[in-house]
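Down below are the structures I want you to see.
Heads up, the next two complexes both have chain A, just with different partners, chain B and then chain C.
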Partner chain A sequence: MTAAKARKYGAILGVSLRSGLMYRGNVLGGLLFYALFIFVFFSLWGTIYRAGGVPGYSLPQMIWYVCVTELIVFGCRSGVFGQISESIKSGAVAYELNRPYHYVFYRFFSALGGIVFSFLFYAASALALGHLFVGPLPNFRLWMLPFVLVSIGLGAVIQFFSYLCLGLSAFFIEENRAFMFIYSKLVLMLGTFIPVEFFPGWLQTVVRYLPFSYITWAPARMAVDFSWGHVASALPLQLAWAAVMIALSLLLYRKGVRRVNVQGG
Partner chain B sequence: MAAIEALYLRKHFRAKVKGEGFSASLRSLVRPEYRETVAVRDISLTVSEGEIVAFIGPNGAGKSTTIKMMTGILHPTAGSIRVLGYDPVSQRQALSYHIGTVFGQKSQLWFHLPPLDSFRLLASIYEVDRLVYRQRLDDLVERFQIGGLLRTPVRKLSLGERVRCEIAASLLHWPRILFLDEPTIGLDVVVKHRIRELIGELSREDGVTVFLTSHDAGDIEQVCRRAIVIDHGRLVLDLPVKKLKYDYLNRKLVSVRFFEPQSLPAFPGVTAIKETGIAARLSVDTRAQPIGAVISALTGGGNVADITVADPPMEDIIADIFASRKEERS
Partner chain C sequence: MFREVSRCLRLIGRYFLLNLSSAIEYRASFLLQTFGMAINNATFIFFWWIAFDKVGGPIGGYGFADIMFIWALASSSFGLAMVVFGNAPALARIIYSGELDTYLLQPRPVLVSVIAARTSVSAWGDFAYGIVLLALTQPQSWSLWLLFALCVITGALLTTAIQITAGALTFFMGNASMLQQMALEFTINFSIYPESIFHGAVRLIIHTLLPAAFIVHVPLTLVRSFEPRMLLILLVVTTLYCAFSFWFFGRGLRRYESGNLIQTRI
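Moving on, here comes the complex of A and B:
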């Protein structure tokens, strides 16, 4: 990539950062839901822990776990699925195509600015809510933070490109909301609400090889129960899934753009 | 070299068809049926560099589809097309550096940011050198008189202000062809006039080729030198605007309301479409009767409460064109 090309995507990121700063409309509404989720899980897990412990996680760990997974789901949300599906279905995608950039990376960098701001905002809320409900996270040391942040970043990348792929499916199938529905429920069940360790043995094996748990479970586990073994197994798999999702979105775009069906006029 | 060259350009769309009822839905899931619609049929045309061409036709005639094929967004089903010597399908990116597009219904400016941010972004997307960009921006700001708008978020601009910024944005990278799809849609008369002047200036001073679609007879009359009319995907007419004007844009609609009921003065070339005594709608053939003479005759008695003069809608003009062509043929 030449310097001019790299500068191009830098400029897209710059503008999206500025736009993210100007427009914070739906962040506050999301925060309300975020706090509600944490509260519901605080009550739910509290009841379960009073009835008897859960192997592998203490109650504070469990609540911090949910704080981190929901931070990725809420804080790194981009709306890219809806935007792409909508623009393909309405034909508006036409106007974004005839410019000298790669559409997939244009989408990524123009969403990144908004994600950065909402992540920072939700991260602050996560810290506050976690402390409010169960106090500081036991055994957490500051030097672990870079690893956790890298893992969260990779989780966010997998999440973004998965949604982008789902959005691009509109090129092929008119009604693609069902995919989105199924996908988001899988992410919720496989890692966001329930840590992977709680699944029965065979399912656990399967889930550990699927992308879903590498969005939320891998980083959250790293945050609440840091171990070098987990870092060594989770980060490479996260990297691999991120690469797969990026490659898949490039492929879907290449195949899809030839089928653009823009009626009218 | 021709700016645009299309030969037997054709575009088919495939749309799923589904019968009514649940069983038909199931059937269409298993074995979908498709119906082909032809949006563009064998259009051939050549546009030379520096021309200002109006591309007109009623809704659904295939105007946007053709523009989208010229800009590489849609792939033609058949036929060949060259824009500035590039093949838009296989060389879309290379071509995109040399063309600018403005689509009336879709903004290319970031909604929550001032236009200046979008301008800077577009300049780097098109790899415009920083110094060159600064000069170009100054020039465009002066021409489009948008100096005062540069730092206002786009969402707070009026439509006219936004369109001026949109066109300026599409020119930052010195495009050699400008595609304008309904640029004046929804604008008031004064702004429309200003936009038309600017488009004319662009072509005169920079030699930009302009390819413009519009619904508005005024856009075509005042800006373009050549008109291409299409309907149902077929090229119907390709002629100088002067001739189009003389042959088809020769009617004005006059609506008038009186204080006291009165009868209409009789004029050659003027027909009443509606007449109620207190108000009337007239169709004026401006070849037989200058519009000014009609208005002074009407207003002379001091009995006019309100009067408006308008162009007939594009749909009527196209209908006229068809009617006269049928006469020619028979």
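Moving on, here comes the complex of A and C:
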């Protein structure tokens, strides 16, 4: 990327950061829902562990696991799917095509500020709620944090570009909300609510070939049960899925934009 | 009194038919949203299947069939509430933005007109999902379906009444949209997990302020071992809570000041 391009997208990022700060009320509202989810899961897993527990994860690990997975799900809620779908359906996308930026990267950098801001808020809440419900995360050392943060960042990139691809699908199928419903549920079920290790063997094999668990399961597992083996297997796959989703969004945009008919008026 | 109630029911019926015909005008969208919501709900079966498989026994005293029952009832109750009273979740916003003016001018009870004026298309998916889930996961009997039908109605009334009470807080404290949204989320979340996982203050709340216990957990007890006294309690609580929400909205309405918002209803 040339210096001029970096300055251009840097400026877009700056605007979105300021906008994220300005509309912090939205994040504050989301915090209440985040706290509700953590509370409900704390109550549920607390009951399960009091009755005997589940092999593989202790109760504190389980609660911290949900804190991290929900942090990614809540932190990544940028509205990019709705914005892109709407602008394609309404035709407003025509105004964005002849601007001096790439549409896909513009969408990314203009959402990034809000996402960074949300992550900071939700991360603070995750820390507070995790400590409140089950105390500090056992065996976690500060030197593990950079690896976990990189994994969370890659998970967020996969999630963001997946939403972007789903939004761009409006170029081809106008009523595309069903895709979003199904996608978000796959992310929730394949790693957000329950660790992949809890699945039957055959399903674990299937899930490891799909991108969904690399959004929430990979980073959360790294945070609650750090091992070099997991770092070595998860990070390259996360990187690969992030690259695939970015490439797919560029491809969908390139194919989709050819289908736009701009009329005067 | 009886005439007033029957006029209200006729009004709700008219709104329902009007909303339904407008919803199915866009048939593809209607079907997509309905099936989309049903699939959306169905994914939670997966969560419980894994959880029960891992735990290997009941969770909080609830077996898999019990969880499926409360899911079926919560889903159909919520669906029915949002199909018939689809505007209820927007009540706080309607009051706050001054949109209530339009309804005040109509020669019908304000609250009924407001909440029944819209339907939620995706709620048909919720409603249908509950029925399918009940048919597929419970031992079938006439008494089960009879109790289910009755409890879907009481559940829908309670869900709507919670929305009305939370929304009407706007009359007293300004914009209560967030509070109303929270009330809905809390009610749903307390209705789809075993009651026994909640303790202390939360347990008290789900039996009083947000009576999620009466939406699904009391009906589950009734279905598993029927007790006329329990049914009577359910009916009395539903009636009292609905009457309270009606009264609370009425009290609030006296404090309402028009926002002079110019709008049209088509």
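One rule holds in what follows: the second predicted complex is superposed on the first by the 259 of 265 C-alpha atoms of A that agree within 3 Å, B and C clash if a C-alpha of one lies under 4 Å from a C-alpha of the other, contacts with A are read in each partner's own complex, and residues count from 1 in each chain.
Simple rule for what comes next: a contact is a pair of C-beta atoms (placed from the backbone, for glycine too) under 8 Å apart; a residue touches a chain by one contact, two chains touch by 3 or more.
All values derive from a computational prediction rather than experimental measurement.
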item	value
Side-by-side fit of chain B and chain C on chain A, or clash	fit
Touched partner set for A:Ala6, first chain B, second chain C, both or neither	neither
Partner chain in contact with A:Ala128 - chain B first, chain C second, else both or neither	neither
Chain B versus chain C as contact partner of A:Asn98, first or second or both or neither	first
First, second, both or neither for A:Ala247, with chain B first and chain C second	neither
Touched partner set for A:Ala178, first chain B, second chain C, both or neither	second
Which superposed partner A:Leu145 touches (first chain B, second chain C, both, neither)	neither
Vertex chain A angle, Cα centres of chain C and chain B, expressed to the nearest 10 degrees	80
Which of chain B and chain C A:Val206 touches, first, second, both or neither	neither
Which of chain B and chain C A:Ser43 touches, first, second, both or neither	second
Superposed arrangement (fit on chain A Cα atoms) - minimum chain B/chain C Cα distance in Å	6
Chain B contact footprint on chain A (complex, rising order)	4-5, 7-8, 10-12, 14-15, 18-19, 22-23, 92, 94-95, 97-101, 174, 258, 260-265
Touching residues on chain A, where the partner in the complex is chain C	29, 32-33, 36-37, 40, 43-44, 46-48, 51-52, 54, 175, 177-178, 181-182, 185-186, 188-189, 193-194, 198-200
Complex contact set, residues of chain C against chain A	28-29, 32-33, 35-37, 39-40, 43, 46-47, 50-51, 53-55, 57, 59-60, 178, 181-182, 185-186, 189, 193-194, 196-199, 202
Chain B to chain A touching residues, read off their complex	13-16, 39, 59-65, 67-68, 71-75, 92-93, 96-97, 99, 101, 103, 106, 108, 110, 112-113, 117-118, 120-121, 124-127, 153, 181, 213
